[in-house]
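Lettered A, B, C, D and E in written order, each chain numbered from 1.
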Amino acid sequence: MSMTRRIPWMKYASASNFYPLADRLVPIFMGLALVLAVIGLYLGFVVAPIDYQQGNSYRIMFIHVPAAWMSMFIYLLLAMYAIISLVWRVKMADIMAYSLAPTGAMFTFIALLTGALWGRPTWGTYWIWDARLTSELLLLFLYLGYMGLYSAIPDRQRASRAAAFLAIVGAVNVPIIYFSVIWWNTLHQGSSFSFSEGASMTDAMLYALLLMALACWAYTIAVVLRRAQALILERKKVALWASQISKK
Amino acid sequence: MLKIEGLAVEREERLLFSGLSVSLSAGEGLHIVGENGAGKTTLLRVLCGLTLQASGSISWCGQDVSVFREEYCSDLLYLGHKNANKTELNCRENLRLALGVLSVSDEAISDALHDAGLGLISHLPTRFLSQGQQRRLSLARLLLTKSKLWILDEPYVALDYKAIDWLDSHLERHLKSGGMLILTSHQTLTLSSKIRVLNLGEQHA
Amino acid sequence: MLKIEGLAVEREERLLFSGLSVSLSAGEGLHIVGENGAGKTTLLRVLCGLTLQASGSISWCGQDVSVFREEYCSDLLYLGHKNANKTELNCRENLRLALGVLSVSDEAISDALHDAGLGLISHLPTRFLSQGQQRRLSLARLLLTKSKLWILDEPYVALDYKAIDWLDSHLERHLKSGGMLILTSHQTLTLSSKIRVLNLGEQHA
Amino acid sequence: MHKMLWALFSRDMTLFMHRKQDVVTVLGFFLIAVALFPLGISSDPELLRTIAPGAIWIAALFSTVLALDRLFSEDLDDGTLEQQMLMPVPISLMLLVRLIAHWVITSLPIVLLAPIMGLQFGLAFNEIVILTLSLLVGTPILVLLGAIGAALTVGLKSSGGLVTLLLLPLYVPVLILGSSAVSSVMNGADVTAHFSLMGAALIISLVLSPFAVATALKITLD
Amino acid sequence: MHKMLWALFSRDMTLFMHRKQDVVTVLGFFLIAVALFPLGISSDPELLRTIAPGAIWIAALFSTVLALDRLFSEDLDDGTLEQQMLMPVPISLMLLVRLIAHWVITSLPIVLLAPIMGLQFGLAFNEIVILTLSLLVGTPILVLLGAIGAALTVGLKSSGGLVTLLLLPLYVPVLILGSSAVSSVMNGADVTAHFSLMGAALIISLVLSPFAVATALKITLD
């Protein structure tokens, strides 16, 4: 009995180590995010030169591109955690996956919104059903579906497994988004940024983009850690109740 | 034949039972008892592979059941709280459906229904049957199956005393012919064969 | 108080029972027995007005129940085969819902749940409860109702021996305080009060 | 009596509110159904404006049918319907309260969202007002009539579709009145006739439907 | 093995056939949904011809969703799903057979009826052929993908809507491909691209979906 009793607590041990660590990390990353974002926005909106084709409207890129990147990265991360939680049943992985989802959904939404706003001046329409845009919209639905399914199933264990499964199945979508501009001949811009060819844009634009991307990362880390802390607390309460009822 | 080792089941952080080890060989029966909510139903479902255990292993004829699922399932008959009857089908159709891929002649089905006391109403959609009649119908499968391991969750519920006798005689026959039986029931068993008792409450404490 | 005269019930041309006359006064109990399919459940539903009789009349305090439906219903508590719990609500919410338009304080509900042995799991959605726990929950209504006539269809099903004792003590109390009780059960009753038995099988023959 | 009715209503609302999902999903269904029209048919703005009233009304109708499917069937399965039939209040009154609660939960959100859908299809302000009003008057009729069908078919396995089949003839006039009210406004015509007809239908169904539903339920529960 | 599969299939067919209503109601729903478009939108023949492919596809999609709602939920409630999961055949195979049976019962009639609907909307012969073919290839995809959603949400009270929410994004590409195939033919364009994409999607979902559904069911039954 005492042997087996230890199992859940060992799993929580990692969570209880995590808690104070997160407490220290959250403010650091939040501050980092702020600083990076301020510098990045300054470079992007003030220093970077005006585009000879698009005028000033291209500056929306400094939000659009990092947000689009984040939307995909976060999904991949979520799917990875989902695999870990489904296969090895590590509870912390499930908590991380669930904490990532809202932020991922937010970045997806931002990418869609800024993309649509950008599309109006450049393509003359807010929306077309091209492969990249459609698959990005699908990504938003996947995030929403993941969260919806998670909260719809009242049993947490089953909820986490079902939602994790959905996340993994949905991961097929990410390569489709990424390679859609290569596989299909679409309206959306191809990759203008690659390390081998060097930059096809000015240094200021490049740095602004990179700084904004880093800022998004720092923000994501801070917010996700905070959310994970809240979830751990909530589940501790459940565990406490469970031990109480077992003693009955 | 059936061997359970170190089985533990959790529900939302709550350990229902742990360290459960039992084995069952041909002709043996096991009666699982325990309070309401002790985890009897959950245990039976775990044994069928419908629910996942937190730890421990179950093997059938020396083979892990989660690996050799099909082999295990062809030896297994499970009857849950629910009767698994389609309310819009009649007794005959339901019984045929319940037998799955097993092919059985029409006469055999008629005989089984008659034996279960449903001969006269075998053409009625089961929605019109009384609770006890529905339970009898799902128990009628026992007369036709070739499975060796029977797992029955509260089979006596809703049965009148005649039906209890009828069921008892079939369970005896199954055990005599080398079958295995695991059942739960809050009533004291009236089976004449001796059956081992597993108390989940004690296990748990 | 409750008076049944010449009651007959038909199902698709088949006469389940006929010429049934019984009356029940304050503090009396009636145990309806009969084989599976004898028509016990049907009789209880007829008494509640959920099913129509072929002939005969039922009156409550001298008034025909089909005419004075609301008055009768406010004195009546019926518990069927089904537990009438919403699986997505927790015990507390279910109990409040089951009490209908009756207003009851939160503490009274907590006490009743505790009494039914559901104190610790009262916040769980009832889909997670075991069969016995679900039955206990629907029986917890008995502790809070003010109805005089209780009609219970197989209340003992799925209960463990502790819960049976608990239910028995409440049924006794109800009878002592002048309540009336009609129930069905295939098990022999363990109530200490004497209760009349109505055998539907004999009635029918 | 007044107090008892309120108790009934709040009881239904708690029950429904506990399934926030129901609201979300009916709304989601409506939104997606509306979104399918531009996708499936065409994204030509002029064409979209023409089909907008019909498309939004058809989507609202489908959502209502979808939600009606669960009006009684769950309660029948878990045994709560029986308990409700034994409440010490007139059954038709109890049902009226339930239907109102059901409308508030499943249709009101659609009515409130319709203006946004109208905007998406490029409708003008006064057209949007008429669209919303027509849904406000029309959807209760759909619910009240639909409940009769739901009561008649509850307990049958394939009730969902059967309800649709039984009801759509009754729904068609409402659909035509509702969507043609909007089209009339588009063409600058008068819509008082549409609304007085719908209003009359609403009042008649408010008065008669609870009794019809009560009778139907008693028959199917027997 | 081959014999066992046939036993499985005929078992499902008996079960479905016993609910002739299901067939009738899905078909009825489809017919009425299609019929609503001229009623709700407009009876102008030119306009009708334009919206025909989209309208018929949207109606087919709704009917599929409606039918999917009952694919597993009833079996879960009455306990037969558990029994099916314990059959001595690979679960994914069992599910594949079930899904095929489900398609034959609920979608094939729609495919067979589509030509008549096309005629009603005034489509030409070759347009009708393409419409029917697109439904023939597209509806199995809808069923196969839809089953994953149905399996993930079975047992939840408000599953119907959640399924819609989870799946419609997946359905949108199929809808667009299907209806635009017909529109392309109307404009005299080539449709091989549409069909090769749909064919690829069909093959992929035929291969992968049974495994996904099996996993999802195991999780939700747990």
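Here is the rule we use: a residue touches a chain if its C-beta (ideal position, glycine included) is under 8 Å from a C-beta of that chain, and two chains touch if they have at least 3 such contacts.
In this text the structure is predicted, and so the values were computed from the model without any measurement.
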| item | value |
| --- | --- |
| Copy pair subunit D, subunit E: interface residue numbering same or different (half cut) | same |
| Identity of the chain that, by mean CA position, is farthest from subunit C | A |
| Chain pair with the higher count of C-beta pairs in contact (B-E, A-E) | B-E |
| Distance from the mean Cα position of subunit E to that of subunit C, given in whole angstrom | 46 |
| Rounded Å distance, subunit B centre to subunit C centre (Cα mean) | 29 |
| Whole-Å gap between the CA centroids of subunit D and subunit E | 26 |
| Centre-of-Cα separation between subunit C and subunit A, whole angstrom | 55 |
| Shared interface positions of subunit E, touching two or more other chains | 19, 77, 156-158, 162, 165, 168, 172, 176, 222 |
| Residues of subunit B touching at least two other chains | 11-12, 81, 87-88 |
| Touching two or more other chains - residues of subunit A | 129, 148, 152, 155, 157, 245 |
| Interfacial residue positions of subunit E with respect to subunit A in the complex | 148, 152-153, 156, 158, 162, 165-166, 168-170, 172-173, 176, 212, 215-216, 219-220, 222 |
| Complex interface listing, subunit A residues touching subunit E | 129, 134, 137-138, 141-142, 144-145, 148-149, 152-153, 157-158, 161-162, 165-166, 169 |
| Complex contact set, residues of subunit C against subunit B | 11-12, 34-41, 81, 117, 121, 128-133, 135-136, 154, 157-163, 186-187 |
| Residue ranges of subunit D touching subunit C (in the complex, touch as defined) | 4, 7-8, 11, 14-15, 18-19, 78-80, 82-83, 85-90, 221-222 |
| Contact set on subunit C toward subunit A in their complex | 88, 120-121, 125, 127-128 |
